[in-house]
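A, B, C and D are the chain letters, set down in written order, and residue numbers restart from 1 in every chain.
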């Protein structure tokens, strides 16, 4: 029975990791917690749902379209709401409150456009289930885990090995110096937002395909849990987000099993508060000394 | 700035100010009784005054001390539940349960502030969000005590000198005005004292504040406790007003409404909170069609205000002279 | 100075806004009945159902000559967004408007109970077609309920389990809302005793709005149930059926009348087949009254099929009309007195109120078969 | 200026290490009451780090700091300010959303002792103390000829005056010892000239000043004694003339070759 919980927890965790990566990407480059990331995840899921239901494109193309649309949406958000603040050198709080505002706009726009009822979403990777030992494994779960791992590797490859990835890491270290070296910082930031939006869209589609249900409010709680994961792993660090996601996923599925259904959300918040108090820089983050 | 000589403006002369105050008070007290307003409008004014109180408490924390909290409804919930459950289990009168609600919320504010006041900016904000959700989770799962999803209903209305307050006899309206007036005076006196200056110093440059001898962590906690206590009082008032309370009464939407009021009205401005509350509580009533879009509009307010006027309508550097104590020689400035 | 101008402009906008919102008072004398429910938000479908049913019934009555010798019935609808606060505010607005003589509404128990004290205090008869919290109608003389009591309906689900599915081991799953938790409690602690042939083997709770049931399903399967009674609406029952039948397709699932809607079929798709639930109203029952109601409803509202709660709202409006006719006056107090004496033969069965305002109903049993609700023929069991 | 010999501040083998780097290594110096002592040295020599240790921002790895005879290293900044040592900052750190008078009033935070109860109910104690402090704040601003900015916000003031407000705030703490961190940074010649006479007027009022400064002109004319720090170690101390001709100081500042030009330039400063 324990193995079943571990496996279910891992499936949940890998998707939280996929969302958490979005937080870490944006935080790494901008030192900003993108509060609208949860709503972006729901936005991506709804785009995929609309494409699948209203056109005869398969689920695969629906996700591709959703990735592009969501990526563009986040870039648009950065361009309209956040870039002017950076230009104006306004206080950090303003950017955070702006993302809170954006998350409310996106979530409520989804509710008005798609109605607030839960809607059906086709099952993803539906090739039946099989038994390993006494652990029941669904093909959907295997599919989700493989896609997530591939995507995470792709993201790490982009950040570590490509030219734009180098630019992102440079901006992460010191935006001013990077701009002096000829890096168009705003272009790098909007590309990072695109990556964040794209990974959220995939995560949204995978989760909806797994549970076969889509709802405008799905982003709020999932976004918060993914943020706990990102902080646990050390916000700004990709592999930290992945590790954090798996831990939060496992903790949640064990809590739901052993303590009770009502406590599954509480576990993620308790992890968040505990990590924030004892290790605000997370497991892999390093201490930052404030220079006088 | 052109402000080197104190401009004498209309309201500054003493007798005029008292006269304006008396007229205002008479108008406010006469209003509900005059039949001019239907119970529905009296209810709106009561809600405006309640939200002014709540946004004043958040303004103290976010506007004056610079600690952005988006879990403020959690403190209202603590105050509300304490008051409702003390009535349910002990049958105590409203005044007693409300004060206990206030104290309980203050204590919870301390419990949240102690570990998190070392955190910086966005970490603290997200921690307060987590706090708001945890309060809701406890209310939902501790079914034997809080009634869980069933919540608490038929909550008794406050009773003073034998009269039970209802919206029809304007009782709740007067109570909310009195509470808001007390809270406003309380916040005004804090802000214009050594403690208020310490809060603002922490907001502007906490390191310089430390170097000037301000115990930053202690003052952050004080700001949290006072702000939470007022929010708890607001929560205690609201549950006896609506006579019903469940885990969803004080959800995340309420926190967003409160912070939108503070941001729109003006961070660090007491009249700003009143203006923000008046605008944001009445606009869904006036523009009925807009009420479905109201949360998009709150979101838009946050984004547009941050973009164009981060200090809010009435916030920012005021042109009025700094009010020195009587008898302080200011050499003609 | 600039700031002062802005301030004055905004405040004047506020004042004129209030005047506008206060609305003008009409002088015609139609009999106004309010319909209140969530027209936006998660349960918009139910609120719209109330409004559509009431408007349809009022239209039919007005075409047949109205009430009290020709006075037309006018429906005034309000959106309470399924929030207690909004409901209490609307209740005050209705109570303050003398022309409104009756209220069909409030959807959820919690919301109805937030508004009930105001209706009772001012004396406005209110019939809720859906509130099922046990101590709802006890809140006052003016508070009625045209919906089955939880314990009556819960007992029906146990009968379905034993008679239709011949169940031996029954597990209960409840959503953590006031209705869900109360229903499960009554099912397990009171009703299970008088069903010796069944054994309640386990109980699980889930948060409203949840989508990941994997750990709950694993726990439920550990009780080895052959039947699960799900105390939740279609937004939980649908996906739960998908995910559970993915693992064990032979499980029997039993829902409640509030899950009876096309949304359930849309969400559960093929896994919905085999789900059974008790319902007071069945849109494909051969009865003439039901047939005409369903056809009229589909004609007026582009083919939407009315759910049992919509039917009860339709009957509630009918009850008000009949009470006004029989009392011979549109006075709130007279209507209230008459409602206690009424015997109303509606689309949702014959209904009469007991002394505290609760209604007694007879139930049909329905089952989803290849994507459609079908009536279970009780005689053959 | 008679200077009583008992030192107000005495630092004994003070050092601090960040990881492997010895930022300040075994520094000793003392300041007598009523003196103006300057600490000079090239950028990154550890001057501001010394200030941070004096004011409790950093805890020294070893060494003692005696202020008015009492050991204060390891104490919190609050206690150090209360004991009577206040500082200004290299880049101005005023409270920009508070008025100038409120900035100065904040300086009096540690010595305004009415409690929460007093300020809520405006007890006589509160009224007396608040009026006293406000009057004192106005007087300090008057003394520094800043009282016309009373209602204004610091960001609207010219640069030089912002510096003086920062000093006003330090004075408001009733400190006897003022630590001024590069007050003349970014000032044009007559502004720094005016600052020079201003600092002298402070000393006549009974303050003791410790100065970190790069403007050699200001340092050589105003200081009673000078300490020179390079790479965290004290390399010279003494009267301004001695320091000007000291070999090590010149090497530290200018490196080896241009030894001669440095000499002439100093003579006719």
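The rule we apply is simple: contacts are C-beta pairs under 8 Å (C-beta built on N, C-alpha and C of every residue); 3 or more make two chains touch, one makes a residue touch a chain.
Small disclaimer: the values here were computed from a predicted structure and weren't measured.
In summary, the chains found to touch both chain A and chain C are B. Looking at which of B-D and B-C shares more C-beta pairs in contact, the answer is the pair B-D.
Taking each chain's centre as the mean of its CA atoms, C is the chain most distant from chain D.
Between the CA-based centres of chain A and chain D the separation comes to 49 Å, rounded to the whole angstrom.
Between chain B and chain D the centroid-to-centroid distance comes to 41 Å (mean Cα coordinates, whole Å). We define each chain's centre as the mean of its Cα atoms; on that basis chain B and chain C are separated by 37 Å. Computed from the mean C-alpha positions, the centre of chain A lies at a distance of 34 Å from the centre of chain B. Across the assembly, chain D contributes residues 57, 89 that each touch 2 or more other chains.
The set of chain B residues that touch two or more partner chains comprises 140-141, 207, 292. Residue positions of chain C with contacts to 2 or more other chains are 40, 176, 207.
Contacts from chain B toward chain D in the complex involve residues 1, 3-4, 6, 186, 189-190, 193-195, 197-198, 200-201, 203-205, 207-215, 222, 268, 317, 321-322, 324-331, 333. Across the interface of their complex, chain B is touched by residues 32-33, 81, 84-85, 90-98, 100-105, 107-109, 112, 220, 224, 227-228, 231, 260, 262-263, 265-266, 269-270, 272-273, 276-277, 280, 290, 292 of chain A. Residues of chain C touching chain B in their complex: 3, 6-7, 10-11, 14, 17-18, 20-22, 40, 79, 84-85, 88-89, 92-93, 95-96, 110, 113-114, 117, 121-122, 133, 139, 176-178, 180-182, 207.
The residues of chain A lying in touch with chain C in their complex are 1, 4-5, 8, 11-12, 111, 115-120, 123, 129, 136, 138, 207, 211-213, 215, 217-218, 253, 256-257, 260-262, 264-265. Across the interface of their complex, chain C is touched by residues 38-41, 43-44, 140-141, 143, 148-151, 153-154, 166-168, 242-244, 246, 249, 275, 278-279, 282-283, 285-288, 291-292, 313-314 of chain B.
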